[in-house]
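For reference, chains read A, B, C and D in written order, and residue numbers begin at 1 within each chain.
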Amino acid sequence: MNLGNMPFVAAALLILLGIYAVLFKRNLIKIVLGISLVETGVNLLLVTLGYRTDGIAPIFTLAPRAGPMVLPTPQALTLTSIVIGLATTALLLSFVVWIHRHYGTLDVRKIKELRG
Amino acid sequence: MKSGMSIIVRTVTRLVYGLALVYGFYVIMHGHLTPGGGFQGGAVVASAFALLLVAFGSAGIKGLLNAHLLQTLEELGALAFLGLGFAGIGTAFFYNLLANTGSCFGATVALGPNVGPLDTGGILPLMNWAVGLKVMTGIAAVVLAMLIGARQEEAE
Amino acid sequence: MNGITSGYGAWNPIAWTLLFLGVLAVGFLVRASGRKGCKRGTGQTKVFLSGNEEPEEAGSLHVRGGHLYWGMVEGLSGYFRRVCAAHTGVLSDYAAWFVGVLGLVFVILVLGG
Amino acid sequence: MTALMTQHAPVLLIAIPLLGAFAVPILGKLGRGARDAFSGLIALLTAALAGVLAANVFGQTGAASLYVLGGQGFQLPLPSGMSVPVRIVLQPDGMSAFMTLITALILLAAVLFSFSYWRDRSGGTLYYSLLFLLVAGVFGMELTGDLFNFFVFLEVTSIAACGLIGFRVWRKTSQEAGFKVMALYTLSGLFVLLAIGLLYGQYGGLNVAYVANALSGGTLDLIALGLLLAGLALKAGAVPLHMWAPDAYGEAPAPVSAVLVANSQASLYGLFRVLFTLYGPAIRTETAGWLLITLALLTIFVGVTMALIQKDIKRLIAYGAVSQIGYMLLGVGVGLAVSVAKPDYGFVAMQGGIFHMLNDAACIGLLFLCSGAVIRAAGTSDLDRMGGLAHSMKWTGALFLIGSFALAGVPPFNGFASKFLIYEASFRLSPFLAVVAILSSILLLAVFVKAFQAAFLGAKPSVPVRRTSAGMMIPMVALALVVVVFGLFPGFFLDRIVTPAVNALWYGRDAYIGLVLGGG
């Protein structure tokens, strides 16, 4: 097995683990963690896409040598996606705080006043 | 929780938080040259704020920074960013008005590996500052709000 | 100008509205030609409730929203029971639907080109 | 000023609502009057910009144009001469301009309605700020020509929408709805990002035109298409991914529910853009088209039947809105399924589906605003506990009736005009489709007869009701006028704005790509 593919395998595993947590965990905070895991997996995939063998960091300042650099675009994407992830996670967690205050539980199967 | 945490934590916090602030501002300032920028630097600054909040409790910080002030500063940061976008509208939105003009942050960037003069980038450093202001106050407001929420939870 | 055609049929709202108004006018003409001998305040203008007495309190005559289409919902109860059972209100189930549909779409797209 | 607006209309459409979102909290400190006046100004300016953009685009029969952010003289190449499309571009064409018109119409109605609706409630400042943020995101989705920016704007709308659903933290159910909707939105957004990552990994570009040109239709492309399709279908609210929609529409304040419909339609727009412009002939369109048709039939039927048994007026309208998404999917799905042979009825189906987006936004917006007035008057949203509102709210009742008739496709209102095209064209593909569509329309009429009967008819309520104020009446009447005028003169609007929008999707792929890459 080519070790260069390991980051892709890790990304897929992270995404699958995250989906597992969202589907089968009952605690709301664990569900939020699952969503974060999916996000981490996608971010890992994006960063990996920009990797080039023997590339250096795409910074001209104090670059060790002139040569191939890794692509900066996926890194910018990942950064943006992390920022968005921060905002969504913060929003989800504040919903969790208020749900706990109103419902007195964090069990996803008991929070179903809206249905049908 | 009101009086903060143990004396060890408080002493370490006193030593570290200034360093964290300086590092955060460094990251914002060099955003157009090195990895980092407004968001990352702002997050570091906000982490210094969170450190203070955790170590000393809200009593030690509330007079200094309150949600109202943080919110206003956040809006100002966002407006500054948007304003910098509007500044270039004579050509196109977000047009880099100052780059290579020789004025503020207007030095020409040399091609190839170089030491990275700070005086380059045009409106990019200014945007970094705007974003940095927005992010440091925004995250601080979130931390403050969540801590107050947790405090109320404990009190109940 | 105001009409549309689908290449199969045509729809002209102005003509339709004029026709509708014309039919409405004919309806009123028919109604106007009826007998004028209606006596107010007698049994002729009383509400007829299948021979039942008119209840004193008028408000109880209003059929509440939940009672409407009772027969239809009852007739289709097998369908409604299944559909409502799918709307559990649990987030995990909704996410499961999403993942399931995703899988199905993968299969259909990859097999069907 | 006019020239500036014409030239920069695409970016100003995003920047002006953003300005509103950031400046409203500061103006809110000056007092309610300043805040409301500023919000109205921003909404008016946005509507004017959408009008300018539409006049511009439709003046050129819907051809795409390019706006390069930060570019000198709108040149795509970088100053260094590099010409791979890495710049951030906005690429409005007929379809985008059509969508911005819808969004601007709904925004204007919602903001006007909010002035009186929000008069005696707290939290107004946060509300306007989030509303403008949401609309900025929606405009961004509709105008961008860049895959990653599409994702960013998608997430902006998600966050702002869920903020609007859940900002009334004292309401138990609104917190529940906010959490569920946010979790599903985030999940779907992440799958969209995953698809964009897969496309980037293969083709090394994020520009829609660039990727569309390079797309080969391999297995990985199909997987990316599946992710995009499912993710965007969830945000659009297609059955069986619709479960969040009634929660969201039902728990948000009434004017926000109307804007949330515009948000769903923006996702639908994204779906159409992906299928027609990004993928187009690179995949077998029959498969994707029939997939859309299947989703559409499910959406139409399940949406209507679920609406029939609702006891809450806003959830009832919400399920009605879900079923209308199905009609748009049906029209465009029929068009997509036959988009290789391009028979005439395919084009007619597309016209019907796209025209229905505008009609649906106007009717559903009107109905949600009416429901806001009804809830305010009755003090409850439970249909079982209201009645007799027509005694004191005749005009609201009449407007509600107009909205319901139009939504159910009763002639001569606008819903019939677009549904007529959908019925006729889908009948040509398969009579079964038209039968389901017509049957569901009849059921939808029954649904709204129920809502009207429960809310407005019956004996006069014993407690005095709060009448609809003039400030709330104006946007409702304006939307009703749109409904009636579009119903009476469908041919005019079909030729002027719908056909260019359909052309942009149906024929415009090569021009869209050629605009960025040069040549054709």
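Going forward, a contact is a pair of C-beta atoms (placed from the backbone, for glycine too) under 8 Å apart; a residue touches a chain by one contact, two chains touch by 3 or more.
Remember, predicted model here, so these are calculated numbers, not experimental data.
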Chain pair with the higher count of C-beta pairs in contact (B-D, A-C): B-D
Separation of mean Cα positions, subunit C and subunit A [Å, integer]: 46
Inter-chain centre distance, subunit B versus subunit D - centres from mean C-alpha coordinates, in Å: 36
Whole-Å gap separating subunit B and subunit C, where each centre is the average of the chain's CA atoms: 57
Centre distance in Å when subunit A and subunit D are each reduced to the mean of their C-alpha atoms: 28
Shared interface positions of subunit A, touching two or more other chains: 22, 31, 111-114, 116
Set of subunit D residues in contact with two or more other chains: 179-180, 183, 187, 306, 309
Contacts with two or more other chains, residues of subunit C listed in rising order: 84, 87, 91, 95
Chain contact graph, described as a line, ring, star, complete graph or other shape: other
Residues on subunit A engaged by subunit B in the complex (per definition of touch): 57, 59-66, 79, 83, 86, 90, 93-94, 97, 100-101
Residues of subunit B that touch subunit A when the two form their complex: 33-35, 39, 112-116, 139, 142, 145-146, 149-150, 153
List of subunit D residues in touch with subunit C within their complex: 179-180, 183-184, 187-188, 191, 217, 219, 222-223, 225-227, 229-230, 233-234, 240-241, 243-244, 283-284, 286-288, 291, 302, 305-306, 308-309, 311, 344-345, 348, 383-388, 411-412, 416-417, 420-421, 424-425, 427-428, 446, 450-451, 453-455, 457-459, 462, 487-492, 494
Residues of subunit A that touch subunit D when the two form their complex: 15, 22, 28, 31-32, 35, 38-39, 42, 45-46, 49, 73-74, 77, 80-81, 84, 87-88, 91-92, 95-96, 98-99, 102-103, 111-114, 116
Touching residues (chain side subunit C, partner subunit A) in the complex: 84, 87-92, 95-96, 99
